[in-house]
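Letters are used for the chains, namely A, B, C, D and E, taken in the order the chains are written, and counting of residues starts over at 1 for each.
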Amino acid sequence: EGWKDQYKTIKFGILSGENEKDRIARYTPFEKYLENQLGVEVEIFTAGSYDGVIQAIAADQIEFAFFGSSSYAAAYTETNGGVVPLVSRLQKDGSTGYFSVIAVRCDSGLSSLEDLKGKTLAFADPDSTSGYAVPYFNLSKQGYDPKTYFGATPFSGAHETGVLGVYNKQYDAAATYITNETNGIPQRMVTKGMIDEGSICTIWKSPEITSGPLAARANLPEDMIADMRKTVMDIPENDTLAFIEMTGGKDSTQDGWIEVDHDRYQWIVDMRDWLKKQRRGG
Amino acid sequence: MLVVEQLSKVFGDLTAVDGVSLAIPKGQMVGVIGRSGAGKSTLLRMINRLTDPTRGSIDNEGQDVTALKGHDLRLWRASCAMIFQQFNLIDRMDVLTNVMVGRIAHTGFARSMLRSFTDQDRVRAIQALDRLDLVPQALQRAGTLSGGQQQRVAIAKALVQNPSIMLADEPIASLDPANAVRVMEALRSINRTDGLTVLVNLHTLDTARSYCDRIVAMKDGRVHFDGAPRALTTEKVRAIYGTDDLSDEINEAVTSTSLQTGSCRPQRQAVGT
Amino acid sequence: MLVVEQLSKVFGDLTAVDGVSLAIPKGQMVGVIGRSGAGKSTLLRMINRLTDPTRGSIDNEGQDVTALKGHDLRLWRASCAMIFQQFNLIDRMDVLTNVMVGRIAHTGFARSMLRSFTDQDRVRAIQALDRLDLVPQALQRAGTLSGGQQQRVAIAKALVQNPSIMLADEPIASLDPANAVRVMEALRSINRTDGLTVLVNLHTLDTARSYCDRIVAMKDGRVHFDGAPRALTTEKVRAIYGTDDLSDEINEAVTSTSLQTGSCRPQRQAVGT
Amino acid sequence: MTALSPAIEQFEINYAAARKSALRTSRLSIILFAACFLGASWIGGFFDMTDVTLPDGARVSMWKIWAGLPRLGEYLYKTLPVLHWETLGTDIANWFWRWKVWLELLIETILIAYMATFLGVIGAFLLSFPASRNLAPNDFVLNATRRYLEIVRTVPELVWALIFVFCFGVGPLAGVLAIGLHATGALGKLYSEANENADMRQVEGIKASGGSWFDQVRYGIVPQVVPNIISYTLLRFEINVRASSIIGFVGAGGLGQEIRVAMSLQEYTDLSALFLIIFVTVILIDTISEKVRHRIIGLTGQGV
Amino acid sequence: MEKVTRDLDTARRQVPGAFESPRKKRLIHAGGWTAFALLTCWCLWAFDFSPSRIVNGITRFGGVLSFMFPPHIWETWGEWQEILKGLGETVAMAFMGTFLGAIVAFPLAYLGAKNIMPVSWFRLGVRRGFDSLRAVEQIILALIFIRAFGLGPLAGILAIAVSEVGTLSKLFSEAIENTSKKPADGVRASGAGNLQTVRFAILPQALPVILSIILYNFESNTRSGTILGIVGAGGIGFLLADRISAYRWPEAWTIIFLIIFTVYLIDGFSGFFAPAYHRREGKWQVMKTFKPVSGKRRLSGPRSSGAKGSRPSTSFQPD
C-alpha cells in the first residue's frame, strides 16, 4: 500500500469544540483505534483555537482535522480549496446539524424579531458559527440588518455567558444554538442549575447548520483519504467504546457518521465572504 | 531618676546584656563605652523598649517602664528620645517632616497617615531646627544632607519629642571629626540647658572623657566600670578593651576621633603647626 | 620620573583640573590634599587614564601616557595601580579572586571569561595577601569583610599588578582610625620596601604630614602648594581650605583622624592617662 | 618560593577543600540542569523528526526544526501590507482602514487596563505590608496574606475572567475584576519584596519616636519603596494593556477581540496594523514609566 | 496665647514653604487628583460597577468558592494521568520557553543598558526592539511557529521564548543599569578590557537579580501557559480553562491547588539549585543593617549620599 510508506505518521488536529462535552472528551482510544486499523502511527493534537489548526493544515503540518463548519470554511478559504471534507456527525435523532437560535427571557414579552427592534442582542463570539456568523448572516438576509436594527450587538464571549446575560437581564436577547428541542445550550444550563426551567424561550431559529466535518488535506494521496474515511465511518461498529469516548462520554448523543462533500459547506464559505465584505463596507 | 535593675537580654545562646543595674539621676550626662559587642546598643534599645528585656526592670520616676504597652509604650518611647549612629532618618522626606515625626506619638491616626501635622508641631519643629542651625535646610530632603547635618536633624527630632531622657547610640561614629564636634556640642548643650538626662554610647574614649559627667564601661554584657572620667585609669581601659593587635600597649589615641576639646587641644595645636 | 605637564580636565562648564604640572621622582611618597571638589580625584583618575584629560600630557619614564590605546593602555593602567576610597572591590566574589583581578591585564580573554587564573597568579595573590595579613580571609566574600580589611584587599590587588606607581584616592576616608593606621602603614611600607612611587589623596592634613615626603595642595583645580610637609604653615593651610565655620582660626586638629604616629603619640598618651 | 608561612599552608588546605566542593557542586548542578534541559526539550519536541514533502513530491524524514526553519517567515509575510511609493497615502489608508474603530477600542482597552491596575494596586499596596517578613505583626497575618496573594496570582487572569463572568455576568466588569485580582497577587509579591529590601533603620527611627505600626509603615517604608512601586505598577499596566485579549474573551471588546476577529476572518494586514498600534502604546508606557520613575527618584523637597 | 502667635509668625517668616506650598504646585496637585478621581468614577460608571451587581456577584462567588472543599479527587488513573501529564508538560515547556528566552535576552540586554552601551540612538533602537517583541500577541507568535513547525509543544515553547526575550531583555537591562559603577572602576583601573570589566564587575552584581527574574518568570509561565493549549500542546492551563468552561468547579479548584503546589516545588527546587544566589540572601542583609557597618557608608556630603539606595533595587516583571 503506497501511502503508508510515505506517511508513516498521521497527524490529527482536533478542536476542543463549541460543545461542552467535546471539551473534556478523550481521544486516546480513537488514536489507538486508528493505529490498529491503519497500521501507521497517529498523533493527536487537541487545540483550543481554530487558528492554529487552520494554519497547521495550510502549512502541510497536519493531515486531518475535525473542524466546526465555520472553521472548515475558514480553512477552505485559507488554502484556496486545499481541504476536502470526509465525514460529519449523525445524531441519534437523525439530525446532522444544529440550529442558531435567538433566546430571550420568557417573561420579557418579546416574542418575535419585530419586538427586538432597538433592543440589545448579544452574539456569542466572533469565532462562533452558530453564535455569530449564522444569525448575523441570516438576519441580514431576512432584512434585519443587525447593525442598524438592534440597539446594540455586543459579544458575550461564550454561549453560556450570553444566555446568562439574558437571564440576568443584561441583554434582551442572545444568539446561541440548540441541537434539537431537548438538547442545546439553554436546556443544558437548566440541567446544571444555572438558570430556572422555563425561564428562557427561543424566538428565532436558523436553517440547519451542518455539523463540522472531518477534513483532509486535498494534496494527500487519494487512497489515504479513502482509507481514513472508511476507518472513521466504521468506528461505531468496530470500536464502540472509542466512539462513545470521543463523542462526549456516557451521555453522547451521536449515532454515527455520514459522508459529506464540500457542497454542503459552500454556503458557509459564502457567508464568511459576505461577512468580510460587510465589515469592510461598514 | 532612671533606675535599671538587673536588666538582661538573651539572644539565643548569647547573653548580650547580663544583669546590668544602674541608677541615673536626672540631668546627668552618662557615657557608655565598651568593645564592639559589649552590649551597649542593646542596653539603650531596652531602655527605649525597642528591644524587650529578657529579665530585669526599668523604672523611671516611679513608672514601671518594662510593663508598658500600647499607647503608653509609645508615649514612653517618645519621652526617651533615641538617636542612632546611622541617623535613621527618612531619606526621601524633607527635614521638616523628619523633625515633625518626633510628634508622631501625639498625632492622631488620620492626621499622621495624611502627613498633615498641626501648625503647632510645625512651629515646634522649626524652633528645634533653629536651635541646631538647620533652618535653611528645612525643606531639603534629609537624604541629601551631609552626615553631620543629618545627625543634627535627628537631634532636632529628638528635641520636639519633648523628652525627659535622651539616648544616643554612637551618634558620632559615622561622622567626620568636625561634624562629630558639632553633634557632641549639641548634645552637651541640651544636657546643660534643658537639664535632660543623656545616655550616650561612644566608641571613642577621649570623647567620653571630655563630654560626660560619668562613664559606664561595659564588657561582655556586664558593667565593668562605673564612675567619673578621672577614675578611668589606663589599666582599667586595658581591662575593658582587652589587648589590641596593633601594639602591645593599649594605644588610646588610635581609637580617638580626636575631638580635641579641653586640655588636649593646645598640645595638639602645638604639634600640628 | 612621572611628569605631568599642564594637565587639565573640563567637565561641561567646570574646569575640575586646571593646568597642573608636577614632576614626581621614582620612589617618592606624595600626599595630595585640598578641599572637596578641588580636583584631587580627577587628577589621579587622569594619571591612571580612567578619565581622559582634556589637555596636557602625562609622561612616565619617557613613555607618553596620554597617547596610549588598547592593550598598551591596559598595561599602563595595570602598572599604575589605583586604590579607591570605597575600595571598589567585587563584593560578591571572594578575596582571592578580587586580588587576582590585579592580573587581568595579563590574562587572556578565554581565561578571564572563565575566571580561571593561572596557578602563578594565584601564588602571587596569596603572597600579597600574606603580606597584608589577609590569608585567613582569602576565601571569604569581599563584601563580608570590614572596611579596613577591604581596603587592604584593594592594596593586595594593587600589589599583584606589579605596579611602578601606586595611586590612592582617599584610601582611609571610609575607615575608622585603627584601620586607617593599618592602611597607611601598609602604603608606607610598600613605598619604602619596594621603592614604588605613591600618590595619595588625603583629607586629613596630619596624616599627610606624618606619612608623606612631599605634599601637593590643590585648590580649584590648580596646585596651590607643593613642598615638604614642614613648609606647610598655618597660613598656607588656611589659604588652601578657606575659612571654616567652626572657629575663626583653622583648627587643624578637628579635621584630623588622629593617626597619632611619630612625635604626637607620647604627648597624647600622657594626656589620656 | 621561600618557606611557606603557616597561614599560607592553612590556606592551601582550605583552598583545595573549597575547590573540591565547588567542583562537586558545579558538576552536580550541571548534571541536574542538563537532565532538566534534556527532559524538557524532549517533551517539547525539540528532537522530533518529521516527514516532509519535498518540492519534487518525495517524502523524506527530517529533523523538525531543520525542516521548519525556511518557513519561519511565512505567516509574517502574509501580514505585510502592499505599499507602493507612488500610492503610499492610499495604501496606508487601506492598511489602517479601521483606524477609527481601533482607536476607540484602544481607548477602551487602556481604560480597562487602567481600572484593573488601579484595583490591583490598591489591593497589593494594602496587603504587601502584612505580607512582608520584616513588617508583619505576627506569623498568622503574614502567612494568611501570603497564601492569599499566592492563590490569586496562581490562577491566571483568563481563569478568573471565566469565574467572574459566571458570578458578575458578562462585560468589562468581570474582566476588570479578573485582571485586577491577578494583578493584586502579582504586584503584592513584588511590593512586599521591595518592602523587605527597605532600610529598616528608618522604620526604627519612627518606632523609637513612639510611632505606631501604621506610622512606621507610612513614614519608614512607603517613602523608600515608592519608586519601586511606581515602576512595577507601570510595568503591570503595560502587561494589563496587553492582556486585553483575555478581556475580549469575556465579551468586553478591546483590541484583543479585534485581533481575534482579524485572525479568524484572515484579514492578515489588519494584524500588522494592530501590532503597530499596540507597539506605539507599549513604547509610550515604557517611556513614561522611565520618566516618572526618574522624576520620583530625583524629587527634591517634600517627598511622598 | 500671644506667644503662640508670635512663634507662629516667626516660624512662618523663617520657613515660609513649610506652611503653604506654592500656588502653582497646589493647583497642579488639585488638578491631578481631580482628573484622577473623575477618570476613576467615569470608569466605574462605564463598567457598570453598581453595588447590587457587586453584591450579587460576591454571593455567587461565595458559591464558587464553596466548591473548594472538599477538593475533587479523580477516581480513575486515566484522569489523574491526564492532569499530571498536563502539569508535567506545562512545567517542562515553561522551563524551555523561559530558558531559551533568557539565553537570547542575556546578551541583548547589555546592548540596551545605558552603562554598557553609551551610543544612545543604538541603545534606544534596541530597546524599541524589545518593546516590539512584547507588543506581538502571543497567539500570533504561536501561529508563526505553527506554520513552520506544526502543532505541538515546539511552537508553544518558541512563542513563549520570543515574547520572553522582549520582557527579559528589558528587565535584564534595568538590572544591569542598576549595578554600582565602583567595582567597574576598580576592575578597569587594573587594566581590564571592556568584556573583562563586564565579566568581573557588572555580571557578579547583576546575576543574582537576573536569576531571580528568570525564576519569577518561569513560575508565572508555569501558571498561565494557556497559549500552549491553543497550539494543541496540552498543558494544564488549557485543561483548567476547559473545566471552568464546563462549570466543573471542584475539579477546577483541585487543578488550581495542584498548580500552586507545583509552583512551590519549583521554588524549593530552584532554592536548592542556586543557593548562593537565592533571593532570601537580601533579606538577611536587611536584618544586619541594624549593626553599624564599619566604614562602608560615608555620609559626609550631598554627593556621596545622593546616589545611594534611591534606585529600585530589583525591578522585575510582574507576570
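In the analysis below, a residue touches a chain if its C-beta (ideal position, glycine included) is under 8 Å from a C-beta of that chain, and two chains touch if they have at least 3 such contacts.
Keep in mind it's a predicted model, so treat the numbers as computed, not measured.
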Chains in simultaneous contact with chain B and chain C: D, E
Required minimum of steps from chain C to chain E, each step between chains that touch: 1
Label of the chain whose CA centroid is most distant from the centroid of chain B: A
Per-chain Cα centre nearest the global Cα centre, belonging to chain: E
Between the pairs A-E and B-D, the one where more C-beta pairs touch: B-D
Chain whose Cα centroid lies at the greatest distance from that of chain C: A
Whole-Å gap separating chain A and chain D, where each centre is the average of the chain's CA atoms: 35
Chain A-chain C separation of Cα centroids, rounded to whole Å: 79
Distance from the mean Cα position of chain D to that of chain C, given in whole angstrom: 46
In chain C, residues with contacts to at least two other chains: 176
Sequence positions of chain E contacting 2 or more other chains: 139, 143, 146-150, 152, 226, 241, 245, 247, 298, 300-301, 309-310
Interface hub residues of chain D, defined as touching at least two other chains: 71, 74-75, 166, 169, 171, 199, 201, 204, 224, 260, 263, 302
Complex contacts: residues of chain E adjacent to chain D: 21, 39-40, 43-44, 46-49, 53-54, 56-58, 60-61, 64, 88-89, 91-93, 95-96, 99, 127-128, 131-132, 134-137, 139-140, 143-150, 152-154, 157, 170, 220, 223-226, 237, 240-241, 244-245, 247, 252, 256, 259-260, 263, 273-274, 279, 282-283, 286-287, 289-290, 309-319
Touching residues (chain side chain D, partner chain B) in the complex: 199, 201-202, 204-212, 214-215, 218-220, 223-224, 226, 299-304
Contacting residues of chain B [partner chain D, same complex]: 48, 50, 74-78, 81-82, 84, 86-94, 97, 101-102, 104-105, 109, 112-113, 115, 139-141, 144, 154, 157, 161
Chain A-facing residues of chain D, complex: 51-53, 59, 61, 71, 74-75, 97, 165-166, 169-171, 248-253, 257, 260-261, 263-267
Complex contact set, residues of chain C against chain D: 96, 123, 126-127, 130, 135-136, 138-139
